[in-house]
Each structure stands twice: as structure tokens, then as C-alpha cells.
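Structures are listed in the sections that come next.
Next come two complexes, and both contain chain A; in the first it sits with chain B, in the second with chain C.
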Partner chain A sequence: MTGRTKNGLVNALFIAPYLALFLVWVALPAFFGVAISFTKWNIFTGEIGFVGLNNYLRVLSDDLFLRSLLNTFQYAALSVAAGNAVSFLLACGLAGGIAGRRFFQTIFFAPIILSIGVTGVIWGWLYNTDFGILNYWLQQTGLPRLNWLTNPKFAMISIVIMVIWAGAGFNMMIYLAGLLNIPKSYYEAAQLDGAGAMSRMIHITLPLMKHTFAFTLIISTIGAFQVFDQPYILTGGGPDYATYTYVYHIYSNGFRYFRMGYASALSCLLAAVIALFSFIQYKMLTRRRVDY
Partner chain B sequence: MKALRAPAAVTVFWYALFAAFTVFFLVPLLFMLGTSLKLEKEVYDFPVRLWPKSATVDNYVALFTRPNIPMLRWIFNSVYVTLAVTAGVLVIDSLAAFGFSRLEIPCKRWLFAMIIGSMMIPFPATLIPVYGLLQKLHWLDTYKALIIPPLAGPLGVFLLKQFFDTIPRDLEEAALLDGCSKVDLFSRIILPLSMPVMATLGILVFMGIWNSFLWPLIVTNSIKMHPLPVGLTFFNGEYWSERALVMAAAAVCAFPVLVVFLIFQRYIVRGIMMTGLKD
Partner chain C sequence: MLIKGKTLKNVNQQTVIWAGALLMLIPLLWMISSSLKTPQGVFETPIRWIPKPVYWENYTKAFQAMPTLLYTRNTIIITACSIIGYLVSGSLVAYSFARLRWPGRDSLFYVLVGTMMLPPQVTIVPLFVIFRNLHWINTYYPLVVPAYLTGWPFFIFLMRQYFLTIPLDLTDAARVDGAGHLRIYWSVILPLAQPALATVAIFAFLLHWNDFFGPLIYLAEDSKFTLALGLMSYAGRHQSEWSVLMAASVVMLLPPLMVFFFCQRYFVEGIALTGTKG
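Then we have the complex of A and B:
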């Protein structure tokens, strides 16, 4: 062994503990996840058998697969659009020099640090049909009570409102950083030329924020595809599967019915979609960008 | 934008909007606190009040003194697991990041690329194999299952290596010439210079583990092994008729992190933004 290699192996001791953990708990599972998706595996008896593409073909005849997929798309569209609209609006106000910026920033960001366990318990009671404060206020203003979580038409929207509460502060901070990066002189020049607020937004702010939008939208979309905790706690996927999402379907199959092979196949399909989105994001972020 | 003078109507619009959002963001927290301070029967009173007529801490007392409520056990589980993972990540990841940043190691680039690449794997993809492995090892429903797999996350290694790479090398070359060993280099030069990023990573891991939900939900099934957020959800279902009590439990779970947030706000916001990660 040359001195150099020996030295290299001694040095490797520094990374060895992490590397061992990484191999056992990340790399091998990722590999086995794909392998398991081609099997039928009984986790209790340890019986495992190769079934080829059966698990993947099974999605075609699984009504709940389609249902959960559509629900997830619905959730993603609603939460990404409404969530980012709120975040951007708040960021615009903060960047516009509102008094008490620190105060607002703290309040809008604070829910992010709460566990979904806490958030779910609070909102579950806020939304309560009979004793929740939301319905009480609706009633006081002469509006009808809503079955926030028990009406299939509202349940997903109610979850999205909670998610906006719990997370809008995050993208708000990202938008704020982007907005504060735009030189004020651009706006001053535009105003001298007689550009109104709307046209300043369309011709200066939005084009310069293009990359920021690309980043936040893709990150939120990837997150939205994996939604599970919120419907699990708030509605249990109901009413009538109205909030039964894709990861919920993975969870049910894997950890309620112990169909590990099928759950793995579902996971692999999701991973492929997310990898695609991550790749697009990576390409967008590494593309040469015009900075201001 | 500040320099521009906005018309009065626009200013009024923004303040009205921000007032509305302040209400939206504060009401749920006040409602939690207010309900937790209510007598159980006032919870079902009309009008529904945000704040109780006469506040009481009875629910908090009951939470810790009534038999059959394993509140202390859940707090212990959360504290123990969170501290163990945070300490473990700081030690293991800083050693690894030092290796990747400074030492000659065979296939180093390739290994690091693999670790970074793994950040793209969504968590459901490894959930089932990891669960299977835990089951084979008979680690399900133990502290090991809660502590060890989360140590393997790639985030810390990535963050710390990025930071170590920015520390100038002149200093350590001089130290090495003076006969300083690699361990000394790590512990006496790199680490002391990296305290801010270690603090950021520590807070991030702490909050991530304290708040994590799906993982402990899947790997623990006895009530005694739940960490606080999972215990809370279970408690929520079990004690459905005692809202004030459940809200007190939620507040106990929320307030430690809220206080930490208010104190370390700057680090936390920066850390969360730096990684784009939230459990």
C-alpha cells in the first residue's frame, strides 16, 4: 500500500460514520424500494415473491389510485396558487415599506415552526361545525354555518386554508428577499416616465422575479404532491375520500393493509414524477441567469 | 419602493389588508391559548369566546396530574429523541463535512455527489424499505427507530461542507507545518470558526425532529413510545369530549418552540430559508 492510499484510508475514518448511516438508511433503501415494487411481500411472514410488473399494472384497475391522484392534483393546484398569491401579496406589502415590518414578519412566519400535530388540533376545533369559532362568527354576520370538514365540497378547501396559515410565511420571506433585491432606481425611473403601479408591477417586478417564482412554484408543487399529514389529522382522508391524497394511498396500502409491494410501486411512480420536477428545477436554477 | 409616495387610498388598503391577515394569523393561536384556559363547560358556551370569562390553569394541572395521561412520558420522548438526533447530527455531519471539504479520500467527489443526489429522493420512496429493515432488526417501537434513521439525512453534511469550503486555507497550512494533526485542525481551527453555521444547523434539526410527524407515527405504535406531536394527535381523538384539556396539551407542545423561535428568530428564518426545508 502506498503512503498516499494509506493516508486516504485513515482520512476516510472522518466520513465513515456518516457514510455507514447513509448506505444503510438512504442508499440501500432507495435501491430496495425499486426492487420491492416488483414483488409481493408479506412483511409478517417474510414471504416474498417476484411478480414482475403486476404492481404497476394494478394501478390501472385501482379506483382509489385515480381518486387519490385527482385529489392530489386538486390540492396542488389550490394550495400552490392560493398559497403563493398570499405569500406574494404579503411580501409586496412588506417590501413597500409598511410600518412595523418586523412585527408582521414575525406573526406571519411563526406558524411555520409549529408541528402539524399542533396545527391540526387547533384547526380541527376552529372548524368544528357546532362549537367552532368560525361558524359562530359566520352566524353572527348572518351567514349560514359551513360544514368545513364534513362536506366533501369544502373539506379540501378547508385543508388548503389551514396549510396557507401554516406555511405562507415561508414563500413570503423568499419573495421579500427577491423584491428587496430590485433596485429602487428602476421604480423611480419608471414613475418619472409616468408608469402607474400596475404597469410597474407588470413591466418591472414580475419579469425580475421570474427566477424566484420558478423556484417557489416548483418547491411548493413538489411539497404539495407529498401532502399527507394534514388530511390524515384533520379529516382522515374523508369525507367520502374527498381529501384522500396520493401519499395517503401509499400509507394505507403499506401500513394499514401491508401491501408492501404495491405501496412501493406507488412510491416509485411518485418518486419518478418528483425527480422530473426536481430536474426541471435544477435546470432552471443552473441556467445562466441575468442578475440585476 | 420605499421612496415612492403612495396615494393615501393605497396606504389605507395595505394597512387594512395587513390588519386582516394579522387577525387570520393570530386567531388560531389565541383560540388555542384561550380555550386551554377555559373551564371545560365554557368551551360549549354561546357566544363562543376567543378568551375565557375567567381564565383557569386547571387544564394544565390536570394534564400533568391526572392518571392515564402520559404527558410527561411524551415530553420525555420528544426531548430525549430531539436532543439525541441533534447532537448526533452535529457530531457525525461535521466530521464528514470536514472530510469532504479538507481531506484526501478515495472516490470523495463521487461519494459526495451521491449524497447530494439523494436529496432529490422523496421520503415516501424509502419509507417502506426502511420500515422493513427496522422490522427485521426488531427496532420498531423503540428509541433506536426514532433516533438512528434520521441521523442519515444529507442536509447537515451539505450545509456544513459548503461552509467549511469558504474558510481560508492559509491558517491550516501554517498549523499543519507546525505539526498540528488533522484532528486538531478540525477541533481547534475549523469547528471554532463554524459556530454560527453549527448553531443554525442545530436549531433546524431540533425543530425538524421536535415537530416531525409521519416518521414517528409509522415507527411507534405503543402510546408510551409516541413523541409529543403524535401523542397529541392520539390524545385529541381519545379525549375528544375534553377540548380545553386537549388545547392545553397543544399549547404545551407549541410554546417551547414558539419561545425558541422568538429568541432565535434570525437564525431560524435564515436556516429555514437556506435549506428550503420544513418537515
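Then we have the complex of A and C:
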């Protein structure tokens, strides 16, 4: 009996940090956040009042809400599609037994370790309109200079290019691990049957990598919806709100104007959007079963 | 025919890889090159890749113009305290999920996986309010304390997955010899799980060394800034001093670069563990 009580105490010791985390860091703030979203609360003046669903209705008349949501969708579509394409292409290049794989792997992965502060400073300099090296090269080849970060049409694309440069190595490693797990004999058998490179890709590689794709696409989409640091540092959300993302809108409302209620309502909506997208992606990517 | 197809494929592959490597390296080489130019030299055309004269003063300026050493110290404090927190609390919880039997364990594990998906932005406003009421604004507590409560469920997940690969025979043998759970955790599991602990330590290092949003919200005083925040605030005030900014960037990326080169194996294994078992 005493042995069992002691065991129970030891068990409790092991799980206590997680329960504390869950209650204090996740459950409590989540409930508190939902509660705040039904109030109008200025944290500095201390004014607080229950406003019901007003914060949620307010998004309908908030132009910047729609703008930031659309910008975020644009960013997510561009960065997830192009980013994963680059990662997969690099992984395919590395998987085929190239000389010096470790060396290239290191180079592609290295930008991951850079702080967004450093990445932002470097790319701010590359993108500089008057003295940046990108515009210098454009001029050398006889093309007009681009206002990479100050033209509303290019600013988001410029940010996506920087993000792919900085982050492609991460998914590349996941794809590479997946590609190296596919037994070589599958390819050899297919080759004997006369399957070309393209049909081997479509009929062997892609189906077998389905779960890896599901994982990377869902994770990168979740990440993309939360983009904030990059536009905050490179463009400050501009020009003309072209790179003003959804989390930027949460940040402005919560930490610049101290509208805690409205910022919380925006956060809750973001959680709902992310949950919905993850669910749809998961269903779509794992819809058809393939057994080998 | 086959041989021809193969060489063609190899040539394509080589081209992709070399082009990719070049594109990855250009920004970094350009940063190093610019960091060694005179303040006027960075604006010179035609562009020189190898600066003439080589102007090392940018590096001394990077330390004089902003309190780089102080920022480094601050960043090290936050990062080191957090890493210890993740390792201690995370490994305890992971052990409990991997080796202990208790009611509700599996459902709680699903909750854990679910919270991995929860975007941190959802709880920033309520957490900010809570920390403000604790008078923790402009202190390091909001950045460090969560680590001791396993603030990053992903780390528990990673360690649990690794603990599960440790053969049960080993822990059973220890139990026959009379070892309790604490003893098994400390003397059997932890020594064997060193690769997993290293992976968590490295991820935690990167997470905190490079964190921007946390310090931006919680730190107000310049003397408490981290490197990432300090560099940005300096860049905001001195936008045309590109050579000094580049030198400061080089200084800032050296520590993570060293960690990366010496611990690359753990990175790779950790990511592989995430992707294939996730």
C-alpha cells in the first residue's frame, strides 16, 4: 500500500511539469483569451466592459482585417508552393548519390541558423534600390531597376524569396530522409520494365512520399499563416499595407493600440482558420490509400 | 541508350545542386565582402567582391556603436536558462509518457500532439496580460520560465519518440536489480538518450538565440535587449551604415554557425525523426 502511494507520488513528479504547462500555459490562456475576446479592454487605462460578439462583428467593417487576411493567404500560397518545390528539388538532387552530399547539405541547411534579424539586415542590403547588388546586376544586363521592397506589387514576392532562401533547407532535410528511405530495388524493377525518369517520379516517388508531403505541407501552411517577423523587419508592413499580414494586425491592435479584446478576437479567428485549413489539407492529402 | 540517359540525368542534377549552392552562398559572401569595405566603399560601382582596402575597423565599430557584448550576455542568459529548463522538465514528462503507466496517459498524449499545432499567437494576448499582472514585463521571466514548464510540447514529443526506441529489457533489468523509476530515468534512460537530448538542446538554442517576437513584446529597456532585437533597433536608427551593420551581422551569426558545424549530426537526426515518425 505504501509502495503504491510512493509510486503514485513519483508518477506525479514526472507528469507534473506537463500538467502545469497545460493548465497554466495553454488551457488557462486559451480560455482567458476567448473570454477577453468578448470584452472591450484597454490594458493601460484599465477600462473593461462586456461587449458580447461586437469584436467579432467588428471585423466585418475593418478594412485592414480583410486586407491582412488576403495578404496572408497570398503569402501562404506563394511560400508554401514555391518553398516546398525548391526543397523537394534540392532533396531530389542530393538523394541521387551526388559527390560531396554532406558538403552541399551543409550549405543548403546553413541559412536556417541565421536569426531573422541577421537575415533581414542582409536582404535589406541586397534589395536596396540604389546600391543593392540585385539592382546592380539588373542594370548590368540592361534591365530596369526594381523597387524590391518599396513597390506594392513586388514587396510580398521579395519577402517570399528571402524566406525560401532562409528556410528551404529545413523541409529539404525532411524530404531527403524520406527519399533515402525508398528501397532502391523499386526503381531498378521499374527501370527494367522500361519506366522513364518521369514515370518513376509519378508512380514510385510521389506516392511513397505522400505522408512526408502531408507532414511538410501542413506544417509549412501553419507556419505561413503566422508570418510576422519578416514583414515587420523588412518592410514594416508596407508599402501601402502590401505586406501587412494577419499576425501583424494582431500585433498592432494588441501591442500598439492595446485593444486587448479585439486582438483576442482576431487571435481566435486565426486559430479557427488554421484548424480548418489543416483539417482540409489532411483530408485531401491522405484521401486515397496506397498500399505497398 | 541507358548510359546516355544516365549521364544526362547526372548533368542535370549537378547543375541544380551547383546553382542552388551558389544562390545560397551569394548573400553570405556579399555580407562578408561588404563588412570589410569602407563606409563609402560599399556604395562603389562597379562592384568589387574583394574589398580594397580591407577595412577591419567595421568590426571594432560593431562593438563600439552598440553594446554588442551586453546583448550577447543577455542572449546567452536567456538561451542557457531555457535549454536547461527544456531538458529537465521535458525529459521527465517524456519518461512518464514513454515508460510509466497511468490512467489517461494516451488521451493526454493526444492532447499534447494537439497543442503542438496550436499557433502561439493565439495565446499571446492573454499571456501578455498574465505576465503584466505578475509584473514580469521588461524582465526575462516571460522568455525563460515557460521552458521549465515544458513550454514547447514538440520537445516532449521528440524525447518520448526516442525513449520508446530504448529496449524495454534494459529498464526491466534495472528494475529487477531494485532500481526505482527515478533511478532508471537518471541512470539508464538519460545516458542512453543523449542524442535526443542534444537535438532538443540545439533546437532550443536556435529558438531562443534567434527569437524576435518574444523579446520584442516583453523587453522595453535597451540594456536588456537580445542580439536579434538590438541589431534591429540599431539598423532602424542607422540605415545607411551598411558596412558596420554587415560586420555586426557576421559577429552575430558566428556562435550559431559554430554550434551548427559541431553538432550537425544531431540536427539531421532530429529532423529525420520529426519527418518520418511525425
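Of note:
Here is the rule we go by: the second predicted complex is superposed on the first by the 247 of 292 C-alpha atoms of A that agree within 3 Å, B and C clash if a C-alpha of one lies under 4 Å from a C-alpha of the other, contacts with A are read in each partner's own complex, and residues count from 1 in each chain.
Throughout what follows, a residue touches a chain if its C-beta (ideal position, glycine included) is under 8 Å from a C-beta of that chain, and two chains touch if they have at least 3 such contacts.
Quick caveat: nothing in here was measured; it's all calculated off a predicted structure.
When the shared chain is aligned, chain B comes close enough to touch A:G167, but chain C does not. When the two complexes are overlaid on their common chain A, residue A:G178 makes contact with chain C while staying clear of chain B.
Using the contact criterion defined above for the overlaid structures, shared-chain residue A:F104 touches chain B and also reaches chain C.
In the overlay built on the shared chain, the residue A:T212 is in contact with chain C alone; chain B does not reach it. Once the two complexes are laid over each other on the shared chain, residue contacts for A:I274 go to chain B and to chain C alike. After overlaying the two complexes on the shared chain, residue contacts for A:F65 are found with neither chain B nor chain C. In the overlay built on the shared chain, the residue A:D229 is in contact with chain B and with chain C. Within the superposed three-chain model, A:Y187 lies in touch with chain B and out of touch with chain C [touch as defined at top].
Residues 7, 11, 14-15, 17-18, 21-22, 24-26, 28-30, 32-33, 36, 43, 86, 89-90, 93, 96, 98, 104, 106-118, 120-126, 131, 133, 136, 165, 170, 173-174, 177, 197, 222, 225-226, 228-229, 233, 247, 250, 254-255, 260, 263-264, 267-268, 270-271, 274-275, 278 of chain A lie at the contact with chain B in one complex and at the contact with chain C in the other. Across the complex, chain A meets chain C through its residues 7, 10-11, 13-15, 17-18, 20-22, 24-26, 28-30, 32-33, 36, 43, 86, 89-90, 92-94, 96, 98, 104-118, 120-126, 128, 131, 133, 136, 165, 170, 173-175, 177-178, 181, 197, 212, 215-216, 222, 225-226, 228-229, 232-233, 247, 250, 254-255, 260, 263-264, 267-268, 270-271, 274-275, 278.
Taken together, the chain B residues at the contact with chain A in this complex read 1-4, 6, 10, 14-15, 17-18, 21-22, 24-29, 31-32, 35, 43-44, 46-48, 50, 92-93, 95-96, 98-100, 103-106, 111, 114-115, 118, 120-133, 135, 148-149, 151-154, 157, 182, 186, 207, 210-214, 218, 228-230, 232-233, 236, 243, 246-247, 249-250, 253-254, 257-258, 260-262, 265, 268-269, 272-273, 276, 278-279.
Looking at the complex, you find that chain A touches chain B at residues 4-5, 7-9, 11-12, 14-15, 17-19, 21-22, 24-30, 32-33, 36, 41, 43, 86, 89-90, 93, 95-98, 104, 106-126, 131-133, 136, 140, 165, 167, 170, 173-174, 177, 179, 184, 187-188, 191, 197, 219, 222, 225-226, 228-229, 233, 247, 250-251, 254-255, 260, 263-264, 266-268, 270-271, 274-275, 278-279. Those residues of chain C that touch chain A in the shared complex are 5, 9-10, 13-14, 16-17, 20-21, 23-25, 27-28, 30-31, 34, 42-43, 45, 47, 89-90, 92-93, 95-96, 100, 102, 108, 111-112, 115, 117-130, 132, 146, 148-151, 153, 156, 180-182, 185, 206, 209-210, 212-213, 217, 227-229, 231-232, 235, 242, 245-246, 248-249, 252-253, 256-257, 259-261, 264, 267-268, 271-272, 274-276, 278.
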